[in-house]
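Chain nomenclature is as follows: A, B, C and D, assigned in order of appearance, with residue numbering initiated at 1 for each chain independently.
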Amino acid sequence: MVSRVQEKDFDVGHELAALRGDRVDIGALVNFTGLVRDTKGDLLALELEHYPGMTLKALQKIESEAVARWDLQACLIIHRYGRLEPGQQIMMVATASAHRKAAFEAADFLMDFLKSRAPFWKKEHTRDGSDWVAAKNADEMALKRW
Amino acid sequence: MVSRVQEKDFDVGHELAALRGDRVDIGALVNFTGLVRDTKGDLLALELEHYPGMTLKALQKIESEAVARWDLQACLIIHRYGRLEPGQQIMMVATASAHRKAAFEAADFLMDFLKSRAPFWKKEHTRDGSDWVAAKNADEMALKRW
Amino acid sequence: MKLDIVYFAWVRERIGLPRETVETDARTVRELVAELTAREDRYAAAFVDMDVVKVAIDQELVDLDAPLADVREVAFFPPMTGG
Amino acid sequence: MKLDIVYFAWVRERIGLPRETVETDARTVRELVAELTAREDRYAAAFVDMDVVKVAIDQELVDLDAPLADVREVAFFPPMTGG
């Protein structure tokens, strides 16, 4: 369990290298990075709030679930909180497996559960004001795939 | 079209950073890295041969197909050739999109086509001798998903 | 009994504070919500539609009928939007 | 006509060279394979099961009935195993 929550940025290349180490049993490494996207050209910043007492517990639960379902050599979730500007990194997941299919599926699974089960909330600060990002019904529905 | 074939190693973090640049229209970045896996503990090296005149053409065709089918902000394939040792990087794909689903699907698609349509061949050098890796029927079947 | 309650995102903004300790006899989350809603408008505003408010007890998601016996911390927040 | 032929992986190893120019009157890939197979054992060994040999003409995958008119380069190789 190496998942973590942090305010500071992370270096994807560094994280993937640390995950691989000098192991020779990993054939497939999948990484997803989520970035702050400025949809309408009016976004000043995204503010990420989380529930400190619950976040790591939730991430570890999601990770354990993935490790139980797929044959993974390693798995990592990093999620930031605080104020982020357009183009900046919000979070990443990485999955390492002997095989490509397991790595892809597990990464997709981690993202689905992370979106709807980890206690993070996004607030958008735009030129016209601030508002909380609404949860998408599709995100909740996506959990039923698994 | 930024895909390339090379003998030397690549730095995933550097490649992803270059792909993102300072764009603010990317919400999702998916990366797959393929590594030399030593299944039985007897692998000395993997030798990768390719068809230089055809390889880039094939990669560009696969990339164009992905760009036509998904709304991608950027897409990249890097594939190495030559002699690689266990644990080393063989290839990577990266896809950038506004949305997660498109990035994941396009990366999965690129990998499926790369495996069966790009002119690369792997030879395994083990302690007991050398042999060409056989193509898997499942890899050819995987193309029908798309 | 004394209960720590924490609020996040717009639930926190409507209630106006991130954390408080309340004295309550509520046996379930549902009874606690009713009690707070009756107490002040800002709670009523936060809990007006409980279909879109999620609840965690001691950092685990639960539903409104979850019992409050032996509970240390109750959290109220909107659906998560991480990732 | 003169035709450049290139071979890869075990096809190359069985034939014993990576590239050659041949003089042929074959009108299709299938006829070229038959002509080479008849010529020497090493070609017969490489082409013994054409179900597992892939063909590209001027760097595009084709099937055995592809015509050879105006073709510059024909390539024979096993199913790809990249990725």
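Criterion: contacts are C-beta pairs under 8 Å (C-beta built on N, C-alpha and C of every residue); 3 or more make two chains touch, one makes a residue touch a chain.
All values derive from a computational prediction rather than experimental measurement.
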Distance-maximising chain from subunit B - centres being C-alpha averages: C
Rounded Å distance, subunit A centre to subunit B centre (Cα mean): 23
Where subunit A and subunit C are represented by their mean Cα positions, the distance between them in whole Å: 26
Gap in Å, rounded to a whole number, between the CA centres of subunit C and subunit B: 48
Multi-chain contact residues (two or more partners), subunit D: 83
In subunit A, residues with contacts to at least two other chains: 34, 100, 111
Interchain pairs in contact, sorted by label: A-B, A-C, B-D
Interfacial residue positions of subunit A with respect to subunit C in the complex: 34, 48-51, 53-54, 57-58, 79, 90-91, 111, 114-123, 132-135, 140
Residues of subunit C that touch subunit A when the two form their complex: 6, 8-10, 56, 59-61, 73, 75, 77-83
Subunit B partner contacts - residues on subunit A that touch it in the complex: 11-14, 16-17, 20, 22-39, 43, 86-87, 98, 100, 103-104, 107-108, 111
